[in-house]
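The structure appears below as structure tokens.
Letters are used for the chains, namely A, B and C, taken in the order the chains are written, and counting of residues starts over at 1 for each.
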Amino acid sequence: MVTGGLEGAGVFGEVTTRQAGDDDAVCGVRPRWVALPETVEEIAAVLRACAERDLAVVPAGGGTKLHWAPPPERCDVLLDLCCMNEVLEHAAGDLVVRAQAGVTIAALSAALAGEGQELALDVPFGEDATVGGTLAAPLPGPRAFRYGTARDLLIGITVVLPDGTVARSGGKVVKNVAGYDLGKLFTGSYGTLGVIAEATFRLHPMPPERRWVVAELGGARVPAVAAALAASQAEPSAVEVDRPDPAGPLTLAALVEGTAAQTRGETLRELIGPAEVSGEPPSWWGQVFGDDVLVEVRFPASGTAAVLDAAAGCGLSLRGSPVAGRVLLEPGRELDEDELAATVSGLREKVEAAGGRVSVLAAPCQGVDRWGHVSGLPLMRRVKERFDPGRRMSPGRFVGGI
Amino acid sequence: MSLDPELINDCVHCGFCLPTCPTYALWGEEMDSPRGRIHLMKQHVEGTPMTPEMAGHFDACLGCMACVTACPSGVRYDRLIEQTRVEVERQHVREPRERAVRGLVFSLFPYPRRLRLLRPGMWLAERLAPFLGRANPSLGAMAALAPRVEHRQRLPRVVRARGERRAVVGMLTGCVQGEFFPQVNAATARVLSLEGCDVVIPRGQGCCGALSVHSGLDGQARRLASRTVRVFERAGVDTVVVNAAGCGSSMKEYAELLGREPGFRVMDLSEYLAELGPVAKRHPLPVTVAYHDACHLAHAQGVRSQPRELLGAIPELELREIPESAICCGSAGTYNLLQPQAARDLGDRKAKAVGTTGAELLVSANPGCTMQIAAAMRRGGAEIRVAHTAEVLDASLRGVSL
Amino acid sequence: MDTLIAALRSLLPHDSVITDPVRLRTYECDGLTYHRATPGVVVLPGTAEQVARVVRLCNDFGVPFVARGSGTGLSGGALPREDGVLIVTSRMRAILEVDLADRRAVVEPGVTNLAITEAVRDRGYYYAPDPSSQQICSIGGNVAENSGGAHCLKYGFTVNHVEACEIVTPDGDLVTLDRMDPGYDLLGAFIGSEGTLGIATKITVRLCRAPEAVTTVLAAFESIEQGGQAVSAIIGAGIVPAAIEMMDALAIEAAEAAVACSYPEGAGAVLIVELDGPAAEVERQFAQLEEICSAAFELRVAADPAERAAIWKGRKSAFAAVGRISPAYIVQDGVVPRTSLPAVLAAIDRLSAEHDIKVANVFHAGDGNLHPLVLFDDGDPGAGERAEVVSGAILDLCIEHGGSITGEHGVGVDKSRYMPKMFSADDLDTMQLVRCAFDPQGLANPGKVFPTPRLCGEVPGVRKGVHPLVESGKADQL
């Protein structure tokens, strides 16, 4: 079924397709069509058709992070996965769920909560963000400290390659070492290798209790307190800090989950000092407020002090985990292209000296070095070349212009 | 062919023996591990001739039996390597230089009287060591290890029990022990007597045959063993207490060597004392002790806890564990004479491990070990006092300092 | 080969190149002795740079290479090539750095799994993945196989605990793959690739804080069904124990014969459940566990580390122990969804009866990872073949129930023939794209994981006509 004008008629056979409008632009690049496949086979049909005509494709889920990463070199088709919205199988006894890529995190969570289970990822924009988008452009949340990131919880994946080949790897059992783990490769690939169609995750039982220990803290105390919390046998699931004003006060919050959470929370409080133990998270917990410009810093725990200083020195607000070694930074005011480039390179110099890495997740301009040095880049190019020799999948949106 | 293919087939090639093997620890080569040597034995049994390379790998085995302890399948490597050594002696023609050294060692060590002739020259040996080392590493090693011998104490034929007599035991004086470490034998006799034993020390006992067994000299071994059995059977004791680990382990295997059960049981001193239970008062010994597991005690006889318990029961004595305790120190009977470089490397490794304990006193049940480790520590610029378990107990029981 | 050997000798110290045929043969197999091949030459490099040079040389000569750590693998992943170089990392065993502030250690590939824990245990840390062979298996091998262990139910696998790897790529470049770096997760793809994407030469692992409390429970049930129900109930109650292990009557019998572990007499199945974490949490979970295991006729709780070791002893010795009740056996490794365990175990029973072959079951019940030990008498003609049939049928069962042909031993050379049963030709072709990106010449551990050698020069994904290798009769088309 093709709608929306003669130009697209029959391009993708039976797949619902419409002509793109201005709202469909990806970082200002307007596609010609928006295809809305409803099955894996339909995704394959679209990609095959694109391969035949050399059309460039950008896959999209909820579109919450579509403006992250550089604009595509070209974009003929926006592959909107919103219709792939079925939770295919929730094997509660096996703590496993299989879902289509377009299922929103909110819908998935609701389905799992019915059985007292959860996918232990703290996904921002969860109302709109989808399973596929969460994998393609993952953002570690607070509890990554305990449960790992999306790639650690993904146990099986179905992808469609640019030539329409449908491939699966992993499966629906947690313990499985048969074959290469394509899920790892596609997680964080920003749509440049193919389309994520379905995913299977390992789940965790919903903890019976949660407590947050929240305190205002001098920045200088963060490294020591974070180290003590990370080493605590009360086993916090997450430790986050929030400093909205680079020169302002800093709030630290630690989460304990499971049984005896109150007692364990109190144990943590002793490590922190004056703090409140609460059943509710602070309002900023796991949130991303503005993402016109968003900078991610990853660092070893020993680099915490340097990262805090560097962020303050560069005038960037900071939120994230000193124990997992990952924070998100945002400029406090609008910066022009040159200012942003200078800020990023200044930050990068300081962070890399402390053993960390700086990635610019989102920026509205071209003149910024988004990724810095990427050591495996030649290998990554070779992977891209094998998977997408025609450079049709989100071209130019990833490291090194991949 | 003296090798038993059935014993070889017990090995399932799991590799659990590798980390405990001293030569594997040194060189990291398969054919210098128990698993690799068993594989070589298999090759030989299946028709591969005894090549010099093959013989070299068997010769390099210290016979420490750590692999026997580690093996989950119960492979009798101890028997296998003894059978193999016989095979090596039978088939392998050694180079003249090597033959000369081996000839010297085996015509000297098992014979106390010949050893006694050597003693006045010990001071000279020490000074000559560097020169001898240049001429032949084995001779150098022999000289460097030479102990400074205390005045020989002639032990009576019977040492009577102090207080109530609880048992009558025989005592092996051994060849190396008796000649170079007479104080250890004296201490052993005193400890046994203080714990209520009549100690029978028959004249005419010599080497128990251990050195020959471990080197594949079948005939010599049997001759020496028969004599030892005769001497103790004539003495009429039902238990023979042994304070040298290497002798104890060989004597426990007399039945296999001679094809008949001797008329007495063989026990290590610490094993016997633990079974007997303490009656004598322990006086405090304020000293930090690193206890070294002699291979022939820990691995060949399975005696690990008893010496630790005995030492630990001495008031104010602090016992420290040596890292990598299962790995041989490189002394291994005549090994340090026949394979000087490997023995030296293992000694250095062990000395380092002992050094990390910070202990003042190194204790083991085998003078060969303590000699070897003390020499290695001296090389490394550290000094440590050494003692036999018996000497420490003796000091505590008598209330004198070490 | 002779020119290559001469070139290797000029690169490496004299004692690092092994060519003597008697010595070479000791490297003919790893922990799986069923497959054997004497390597063309063995090298024992001491540094990453040496590994890279050897690999570059292999490229120059077009000769395949295979990496080997301690040689304990159970799928023949380190099976040498007669026409190739075996690169053994057992001399690269330095722990380069331990940084507790960053909770990580940097080690060379030959370092044993347990050595890492031993280096930090005193300070209250440990390295979490714990394969049964942890005292000897090397970290390099763990990375290649993505090793798990009894405690991976709660703590995950090697891939979840490795932060970075320096690797020598199949064309001989030294590249660092770091979780912190942006870009594709090549580290994730590399781990578990069984030596087909290169050789790890330096590994940064994450260290975990030792838990405050550990409670190990041995529950004895009259039947395996009761044990299975208890497992489901534990998971259903929202408890994630560190480990849940099960052994059936035959496996218990073997363990008793080998190590006299004194498990409760008359048990049809025993369950070992280990709870760890904050003391308060472990205490409450233990109370829940007691209730759940009410069907058990005996419940033993380890009071101290020695008692815990005693409980684990029977389980950990199980593989080697089976040698005491059977002259020969096959260790199988398959996975099924936990909820399928009862059905699969019943089916294994039927297979066992049908083919007159005994099967002892030892498994990581918590994650459905079966290790059936298929017992046979190699002196009995035909028994070996029947055991093979049963062993293969068990894997078919795993696939049928949506599981996997291997949970931790890897595919290696042993199971590559089952790969087309678990994956479609397109799945395997797609994995092959990764292979070709890393190793276009196909020199890194060829013949492992994938059933058919193939060339990397084709347009990926689109199969055109007959493959040249197939045409020449050297390979079968997938």
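Following the convention adopted for this analysis, a residue touches a chain if its C-beta (ideal position, glycine included) is under 8 Å from a C-beta of that chain, and two chains touch if they have at least 3 such contacts.
Keep in mind it's a predicted model, so treat the numbers as computed, not measured.
Asks: Relative to chain B, which chain's C-alpha centre is the most remote?
Replies: Relative to chain B, the chain whose C-alpha centre sits farthest away is A.
Asks: What chain pair shows the greatest number of contacts?
Replies: The chain pair sharing the largest number of C-beta contacts is A-C.
Asks: Between chain B and chain C, tell me the centre distance in angstrom, where each centre is the average of that chain's C-alpha atoms.
Replies: The computed centroid separation for chain B versus chain C comes out at 39 Å.
Asks: Take the average of all CA coordinates in chain A, do the same for chain C, and state the distance between these two points in whole angstrom.
Replies: 30
Asks: On a C-alpha centroid basis, what's the spacing between chain A and chain B, in Å?
Replies: Computed value for the inter-centroid distance: 63 Å.
Asks: Mind pulling the chain B residues that touch 2 or more other chains?
Replies: none
Asks: Could you please specify the touching residues of chain C with respect to chain A in the complex?
Replies: Result: residues 99, 101-104, 124, 145-146, 148, 152, 156-157, 159-160, 169, 173, 175-178, 180-189, 191-193, 209-212, 232, 235-236, 238-240, 277-281, 283-285, 335-339, 364, 367-369, 402-411, 415, 419, 422-424, 426-431, 433-438, 449, 459-462 of chain C touch chain A.
Asks: Contact residues on chain B for chain C in the complex?
Replies: It comes out as residues 10, 12-16, 18-19, 24, 27-31, 36, 39-40, 43, 48, 51, 53-54, 57, 70, 72-74, 323.
Asks: State the interface residues of chain C toward chain B in the complex, per the touch definition above.
Replies: 15, 18, 20, 22-23, 25-31, 33, 44, 70-72, 88, 90-91, 93, 110, 112, 114, 118, 133, 135-137, 258, 317, 319-321, 323-324
Asks: Show which residues of chain A lie in contact with chain C when the two form their complex.
Replies: Touch list, chain A to chain C: 91, 93-96, 116, 148, 151-152, 159, 161, 163-169, 171-182, 184-185, 187-189, 193, 204-208, 227, 230-235, 258-260, 263-264, 267, 298-302, 325, 356-357, 359, 371-372, 374-380, 382-383, 385-387, 389, 398-400.
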